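There are two complexes below, and they share chain A, which is joined by chain B in the first and by chain C in the second.
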Partner chain A sequence: MTIAPLTPPIQAPVQAVDHPKKGTWRRVLIAALLIYIFIPIVGLLRFSTRAANGISFQFYRDAFADPSFYSFLGNSLFAGLWTIAITLTLTTFTLYWAYLKARWLLPLMEMLSLLPFVVPAVTLGIGLIQVFTTPPLALTGTPQLLIGAYAIVTLPFAYRAVENSLQGANVLTLTEAAESLGASWWRIFIEIILPCVWSGVISGGLLVFSFVFGEFTLALFLVGSSYQTFPLYIQQLYSYQPQYSVVMSLLSFVATWLAAWLLVVFTRRKN
Partner chain B sequence: MSYLDLVHLFKSYGSVMAVQDVNLQIPAGEFISLLGPSGCGKTTILRMIAGFEKTTGGSILLEGQDITHIPANRRDMGMVFQSYSLFPHMTAGQNIAFGLRVKRLSHGQQRIRVHEMLELVGLSGMGDRYPHQMSGGQQQRVALARALAISPRLLLLDEPLSALDAKVRLQLRNEIRRIQQQLDITTLFVTHDQEEALSISDRVIVMSQGRIDQAGTPEEIYLTPSTAFTASFIGAMNQIPGIWEGSQVRVSAHPDTQIPDEFLQTQETDLLDGATVLVLVRPESITVLSPEASVPADCNLLSGLVTSRIFLGSVVRLSVLVGEFYLNVDVPTAQAEQFSSGQVVRLGFPADQCRVLAIAPPAPQSASSQAQVRSAV
Partner chain C sequence: MSLAIKPTRSFWVRYPWVSTALGLAPMAIGLIAFLVLPILLMVVSSFQTDQGWSLNNYFGTVRGEYLRAFATTLQISLVTAVLGGVLGTLTAIALAWGTSSPNNGLLTLASVAANWGGVPLAFAMIATVGNSGWVTELLRAIGFDLYKQGFTIYGNLGLILTYTYFQWPLMLLLMLPSVQRFRQQWCEAAESLGATNGQFWRWVAIPILMPSMIGGMALLFANSFGAQATAFALAGGALNLITIKITFLVKGQTDFNPGLANALAVEMTVVLAIAVIIYQITNQRARRWMR
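And then the complex of A and B:
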């Protein structure tokens, strides 16, 4: 009589084997995506370096020599950095407070944080102009209004990034542990909580910066010519110096990619 | 005066009462365990003492000072959490030094104290490691060192061993007791593990439904439980229901059987006739007697049917159906072979191993029985 084993025989672990066809399709899709992304850029690069006698970087040299380039770039950087500061401060403090004291608020906050996605930029721009044209809040045309609007529309980026970090940080127990050691709320936030969610804060900041650096519609509506940002400058150049405009667009791409690359680096470090 | 006083402490969450009228006095240097099942209010009491929860009523006095409304960061208490809660971006040494930095100790003093604490918890030379480079047991040692580094007035341990594996848990349990005795620090230890509580405490507070069910030394709690809850929660106490008659307990046989009621002897004397009682006897106090064995005069005897057996290592636990109830009986593993399910066995247990709890007073006499008494008179 044979006795059946009590445990099933050990089987070799199943390894994920790529089907050859699946691998080919993957490569084709990636190639198509890269072509889709790079063909316009290559086109822009060719257009901006075309010269009668081959390739010339004259437009790049001229663009960098133009003082207004630095002024517009400075405006965009100023708006971007202030937006980062406002959005991240608001998001990090509020989320930390909610995690400690009012977790029941989190679903509502999540819903509110997504609202900027459903309001079109044109609608938001017109609405803000309506409210901020007459005294005592006559802010139309000022960078303050633009930064305020950016702080609203970039909320979802910052919220998601910071919230993900807080979720994994067990902030309540860390706060209580630090409190029992005598630390004040402010000290706990700066020395314990912020370092724990730092990667999320950086990721959020980079996303916010990428958005602000390329944003056109709100800038056109809210500040127009009184506070020209980098995208407005590109649009202005396009009408009479298209090659310069293309140079600026490429620079804008580079800045955004740099931000995206930093984002990947910080996210990897976090993981 | 005691070191820590909890006076009529209450805590409610909406309509749910988590802690109800808890009064407790803890002398300095004592190791107290708050023991109970989940939701009994033990952690809530600890958190109120730490200052993480506001009290709904009552007060907390530490060395005579009312600390009920003092913020947590000014109470000077060291707390160790179940989830270690080390600061992940700091090394073990930096974690331990955090409280010292808050207290503005000089760098030199911090360094000396960190070194002392690492040595105390057996982690010398590991101060530069980050929490993620340490095992669970090591992390909890660092958490203990961090809590002790500030020389707290009270050490609060919130189920610090629950997340550890059995071997490390046992080792760290003994370490905690050694350190507590070495530093002579008043300690409150929350646990749901009775073995943990009984093995390292000076006193155990058994909690149930937000109230203190019984407080006493581990021996008192184990050997002389004063409530049915403590009796059932600590160990696997058998509870035999019966009626107090004369100086004995009448245990009803199953109504479907022809077996007459049994009478159990105990050492209790001060009970009212007719009171409903529970006779408490531990599984290890019951012996399975051979059919020919003689029974001493002070030994209770019951017969029953073995219904199941569970191997527990050094003993096998038999479940024996006696009348309307089951008794757990621990038999040494070497002798357990002879018992099997379906077998009728004789159980003996000495009267002095039985404890009697009155759970209801005698039922009031009916009108007819009172009339009979009057006519007889």
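And then the complex of A and C:
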């Protein structure tokens, strides 16, 4: 989750390097990575389909028939959508404003992408519970606090995605042109700037959503049992219905994959 | 059409900084409330106990299980950073230098693996090399019992194995840009000057790639040092890591001691900040070759 803001979007190499020093070790290493990634997935598949007489998909049917699954999934969806709305609005607007009026802020905002490494979820979690337990701000256990925390933690993802598309558009000229034609700044933002960064907003949204869908530590610290998200559900289920929990783990892998795949499809279509 | 430009003397024109500040205010308020304030409070309360200001929380962190937790976390993070770092760099080279263009599917898979940590990964590893995991049973069937050899997925070695799942592809993604920008001409130049394979690596490839590699490993180190979810799901309180200790000091009933948790978190932040500064410095050096 933390990696996305640091790597450029997947792209073709600057120049295809046909290195003369080829060897079989290359293929072996790539194969090893693939095996390392897939072996645990096979573990999940086997564990969730094992039955007394061969293979059965009973656990899948049961796990998805459990009504509590949908309530936890609903909680995660709710948190995810609100986080996307807040983070992306805040980032798009602030970035645009910084481009127009405070360029000195841009390098500072760039530094945000290293934030998750300096302030991991555990640190932010214990800080937040202490701020938000004292009466005027008693928000511990509420989804509002979790969403607020997620909105801050996911800023780097949104920043990277929006900034990529804002760079291409010449916002200063566009804004000046619109201003000289008498457009209000609100109209400029909605009708001119937003369409320019739309692709960045969508890829940022995908990244944010896939983060929220898998986030465990902040949820454990800030809301715990009072607002159970999908990862908390997976963890709790393990102690009494491990097979269900493994089915859900598999679902989380598929969801992460889907988000990554959509991101690639989306970036490719844009180019 | 008349373009009558009135000499505006409005408030917004006279004080342009006001509108700048107003536009930046929502972000600033969000950052202060959900980032600056929590960290500030954490630092301040780490120096407080029931009796007032003191360093007692910090004295508590440098003895017994907490000191050991620090040492274990450090050790595991170093091992996974170096292991993931070397494997990831070599895989990046294998991907970028052997083929005409790296396979997009493989890169997508790598980014999924790098991002998919936490609870589901822990259970996947238990289902694989746990006591009755499929690989464990497979090995048992051919006469090699992992668990009789002292291995357990719930121990430090198991955690290293688990972290490698995301550290390896993470390093691959971090290294790929610098490896891709490694010019073929450098390789040809070395060759035409008569460099052997060993000399090429020793004097050209390694010096150019080293800064990005150290930077990547610093980030991997931080990534593992601050990780909590995977270890927590894997073994609950059985693993003696700082993040696990903090979790039980804040959420637990018997060990409840937020002051100590704050002190541990401040110490952890210092370590992570050092790692990230190393990343920043090496990243700047690496950029010299990326023109």
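Keep this in mind: the second predicted complex is superposed on the first by the 238 of 271 C-alpha atoms of A that agree within 3 Å, B and C clash if a C-alpha of one lies under 4 Å from a C-alpha of the other, contacts with A are read in each partner's own complex, and residues count from 1 in each chain.
The definition used in the following text is that a residue touches a chain if its C-beta (ideal position, glycine included) is under 8 Å from a C-beta of that chain, and two chains touch if they have at least 3 such contacts.
Source: prediction; values computed, not measured.
Enquirer: Is A:214 contacted by the first partner chain B, the second partner chain C, both or neither?
Expert: second
Enquirer: With both complexes superposed on chain A, which partner does A:83 reach: first (chain B), second (chain C), both or neither?
Expert: It touches nothing on chain B or chain C.
Enquirer: In the superposed arrangement, which partner chain does A:170 touch: chain B (first), chain C (second), both, or neither?
Expert: First partner only, chain B.
Enquirer: Could you look at A:42 and tell me whether it touches chain B, chain C, both or neither (first, second, both, neither)?
Expert: Touch status of A:42: second partner only.
Enquirer: If you count the residues of chain A that each partner touches, which comes out higher, chain B or chain C?
Expert: Chain A has more residues touched by C than by the other partner.
Enquirer: Using the superposition on chain A described above, determine whether A:179 touches chain B (first), chain C (second), both, or neither.
Expert: After superposing on A, A:179 lies in contact with chain B but is clear of chain C.
Enquirer: Which holds for A:203: it touches chain B only (first), chain C only (second), both, or neither?
Expert: neither
Enquirer: Same chain A residues contacting chain B and chain C, which ones?
Expert: none
Enquirer: Once bound in the complex, which stretches of chain B touch chain A?
Expert: For this pair, the touching residues of chain B are 50-52, 71-79, 81, 83, 85-89, 98-99, 102-103, 143, 146-147, 150, 156.
Enquirer: With touch defined as at the start, can you tell me which chain A residues reach chain B in the complex?
Expert: By the definition above, chain A touches chain B via 169-170, 173-174, 176-184, 187, 191-192, 195-196.
Enquirer: Please name which positions on chain C make contact with chain A in the complex.
Expert: Chain C residues touching chain A: 16, 19-20, 23-24, 26-27, 30-31, 33-35, 37-39, 41-42, 45, 87, 90-91, 93-98, 100-102, 104, 106-121, 123-129, 133-135, 164-165, 168-170, 172-174, 176-177, 180-184, 187, 191, 197, 200, 219, 222-223, 225-229, 232-233, 243, 246-247, 250-251, 258, 261-262, 265, 268-269, 272-273, 275-276, 279-280.
Enquirer: Any idea which chain A residues touch chain C in the complex?
Expert: 1-4, 6-8, 10, 12-22, 25-27, 29-30, 33-34, 36-37, 39-44, 46-47, 90-91, 93-94, 97-98, 101-102, 105, 114-115, 117-131, 148-149, 151-152, 210, 214-217, 220-221, 224, 231, 234-235, 238, 242, 245-246, 248-250, 252-253, 256-257, 260-261, 264
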